[in-house]
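Note that subunit A is present in both complexes that follow, paired respectively with subunit B and with subunit C.
The block that comes next holds the complex of A and B.
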């Protein structure tokens, strides 16, 4: 459907295992997705579902006990999994930048912000005067006041929201084409979160980057993403554009997440009670043979216990991994479903 | 839920708590006065029996300090906390122990608030005997009852905190808090670290326990969705003071204070068609060491008038049960 030209990243059947204490944890069990140029693609799911692992696997920023057992990751025409460590370094930070949840641990505490931006500009052959101009311009663009002064400061001298801006500035200095944002607003207060969401949306247009957003917050997805993949126990269970996903989810887990989210008054289109999803995540070392969601699913039948459902295209661009997706109908009550 | 009998369980009057900062040598030489973080800066509040009162605000606004000062985990600097006819602020040690037993707390991170080297059974056993809740003989039955109440298996008692998931640990934290039959429960960000599906389970549990045990809950959270779901009344805090107080419906559907309005507006909506509607609030929370003069929100307020920078607003009653600290609402 998409030509290779408008796809920036294509991940196909990615499988990854962690070995720990003699156990094998199946963290990713065949992840396939692609990100188009200029779009924000979101990964949502609960802790331990593999969303961060996926993003780290793209840049091979993995712990020693992790092993990619299958799959391909194409960035433009390059298979990142086949690259040598040396060639991969030309991609990391330059082609694909990453921003993390906690700038205090992600940035270097003993270097000034200037040094960290200059480090990103190392290969550009700019004079230090030109680098200074570029650095100030980037600081301005991410909304850090008094950039001339603040470039000389260290990350601990910044407040929470400003730290996140500084990290975005440093990442953008590498001029990446793809930005991986791993829970970029999770540690922030709502008022500051709002500022950072607006900044990232703005940066996307301004710098022409694509964003891979990892979050557990459905609200952040609604504000930022064009398309979303929902992950559960190392599988993508549903994938669609944001509006379709929120208005008509076709996987019981996605529906369950939305039912479990406490609603705001303006979102209560119908008088529905908040419903928890019973049970807990299955252990990654002992995944069921059939559908990973079977033990918590309201729709499950014998078929679900025996056979892992495949990703089925329900409508153009809307995929779900459920045998009985047709039983899920109607809207979530989260947003008004009357198309308009 | 609003037609409950409105008996006051805890009456808090003009409570203050500040944490002094150490003075540097230069401050000493230059004779600068020592500074302090004013975490609770004059709060008066009535908490009614059987209600769930939510305390919301940004990090660093003093929510947790306020809650801890109420139950004397921090000694208040001044002010009164009247709980069942006793003033907790001036109670002697022996009576304070009894009073504290009736006020229990559950925390955000149940892992760091459980002893990693004690099995769940031992932990509950110790607590039951220390507070003379039951005899040694009855303890085991009581422990089973408690675990059953929070929907955990009996074999939980022999296991250690590291063997449980986050949601299960939070259930253990709740069982521990309820072991001593408290009247008043403080839930400090009790569901913030949990995933959405588990969070909903714990919220349901808290609600049903509130009904069965006649609990009064002070629910501290920064998550406005959760608060809307669980709270009867909401108090909004900003820099050590309550700036708006009302029933959940009033606060969410007709917020009065500009800060509350911004807080509610900045909550991301899941509807992708609603792209950002309001301008983002400028700047960060000012430091609680140097609280701005006049209205403490004036530095970030979009409608600040000249007098807002000089005169501190009172706490005005706008209509039944709904009050607000903003000059706009002077009666």
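The block that comes next holds the complex of A and C.
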């Protein structure tokens, strides 16, 4: 894990706090991960675990009450946290692009798609005729039919799946090397979800981008990600390549997430029922001294209450933050995951 | 074509409204105590001469006959002859309308000048000192009557330092412009107070929206985000409010034109009421009705351009 040539983004010990009504919320408590060039890296976890906050912290698109208290974020050789707002603007859009969850709210309702794509081409020396050619080419690549006509339309005139394609087109127009996709399929219905996943996998090859995918859907992770980090209460609790994580989860929370997936009746055996994780997330203003998952964990012992476990490398590239990960040895998760 | 048929439909809708307004204005006018013949001839007039003048002006006929004659003439664009000025009302209106229209344009200019930047910064820096200052200023100007602001401005800039004319708007274009600045500021301050508060709230709603965050993730500058993403959206509801304020400006022009001695239709209306000059008052009020309806139509059309989600129908 160093800033080698094949690493595009390296986040180290990132800590972030929100202050609200005099309370301090520890939203991120030392996040470390790196994304390799050309890979899709996934962040999974439930609402409020900090996965979206991490993605916004990378480009410093945070609310006024958020404060990064520690850590580094290296994009190639540049520490993004040391950049001025002005220099960071050169990274935003052009080096690192974002896709938001709901294109209906993330695209400006009163500007045409043309205008919003052209904004991305603002620093190029292209004439508006040439910009239009570029825009049409990108829209073709993301599968928007009749781009010449649709370019002049507004987002509300697009159908559900086309909306997400339009946002992907706008983001790609900036020609980013890293794409942060924050729940890109959550607002979509299942058939369109499928199309967008295929599109993003295709875009990765076609445009040569790396993807940071934020999702709460393990199915999406299985179909898109090379490696995954599982987040809980502002900590990464487990990190591995997708196959390893799905076949041999070594953190009780990861295991719990997989057990909590509903299964089709024909898939169910006697011992395999949907098991929800009892309890709720601990309050971020009052995190336990030990493991954040302690109150919901079936394996917990007194050590867990007193001491925060460190990230331990269980096998090469497979990390887990649990004192008793070995108790999960032999446990299988969702083995038959299919990739891409 | 779509736009054209929409305008045609709206113009046709104006007609019944206009007729109802005509009826109301005509009869309400007759409810005001006072006798135009008496005003014209003075307190010492003999009953015979009063009766003669009344029958000459048609005032001895029943109200319904009077209305019938009034309405018949109205259709032929004849609003009658002013009792006071002895001139056709239509000519009087045509003469004075431009002054009022220019006054409103000047007021619009100053209300936008005084509201867009403070409203935007107030919203962006919500609950910061700059926000408190602008909110206090807008509250103050909201609580201050226009005629008082007008008199203070006159005392300061026309009487003390002599930058602007004390009364009237001269004869040349330059004099017109100079004569419209203080009246425009007077009306603009009051309207800006309302616009600032509205725009501030809209900016607060818009500035943390997803599309502003997305625009930020594209690396746009604060200026580009401010103009194309925040203001562009925040100004849409403000436009509606502004158009309603233009209607209020029409009645506000009555006060402002009186204070600044501008020869507009507001001043014409005031003099007409003093003189019980029925044709003039009817003419002015009908013109106001027509203007308000035309402004409403224009607003709806502008709105559909500002917000493509709104369809004209």
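By our rule, the second predicted complex is superposed on the first by the 321 of 340 C-alpha atoms of A that agree within 3 Å, B and C clash if a C-alpha of one lies under 4 Å from a C-alpha of the other, contacts with A are read in each partner's own complex, and residues count from 1 in each chain.
Everything below uses one rule, namely that contacts are C-beta pairs under 8 Å (C-beta built on N, C-alpha and C of every residue); 3 or more make two chains touch, one makes a residue touch a chain.
The structure presented is a predicted model; accordingly, all values stated were derived computationally and were not measured.
When both complexes are superposed on subunit A, subunit B and subunit C fit side by side without a clash. In the superposition on chain A, A:12 makes contact with neither subunit B nor subunit C. By the touch criterion defined above, A:275 lies against subunit B but remains apart from subunit C after alignment on the C-alpha atoms of chain A. In the overlay built on the shared chain, the residue A:262 is in contact with subunit B alone; subunit C does not reach it.
In the superposition on chain A, A:70 makes contact with neither subunit B nor subunit C.
Within the superposed three-chain arrangement, the count of touched residues of subunit A is higher for B, of the candidates subunit B and subunit C.
Judged by the touch definition given at the top, the superposed model places A:39 against neither subunit B nor subunit C. After the two structures are overlaid on chain A, the closest C-alpha atoms of subunit B and subunit C sit 6 Å apart. Residue overlap on subunit A between its contacts with subunit B in one complex and with subunit C in the other: absent.
Against subunit C, the residues of subunit A that register as touching in their complex are 59, 61, 63, 89-94, 97-98, 100, 102, 105-111, 115, 119-120, 122, 154, 156, 167, 170-171, 174. Within the complex formed with subunit A, the residues of subunit C that make contact are 208-211, 213-221, 224, 228-229, 232-233, 236, 306-309.
Taken together, the subunit A residues at the contact with subunit B in this complex read 46-47, 159-162, 189-195, 197-198, 201, 216-223, 225, 242-243, 246, 256-257, 260-267, 274-278, 280-281, 334-336. For subunit B in complex with subunit A, the touching residues are 58-59, 165-168, 195-201, 203-204, 222, 224-226, 228-230, 249, 252-253, 262-263, 265-276, 280-281, 284-285.
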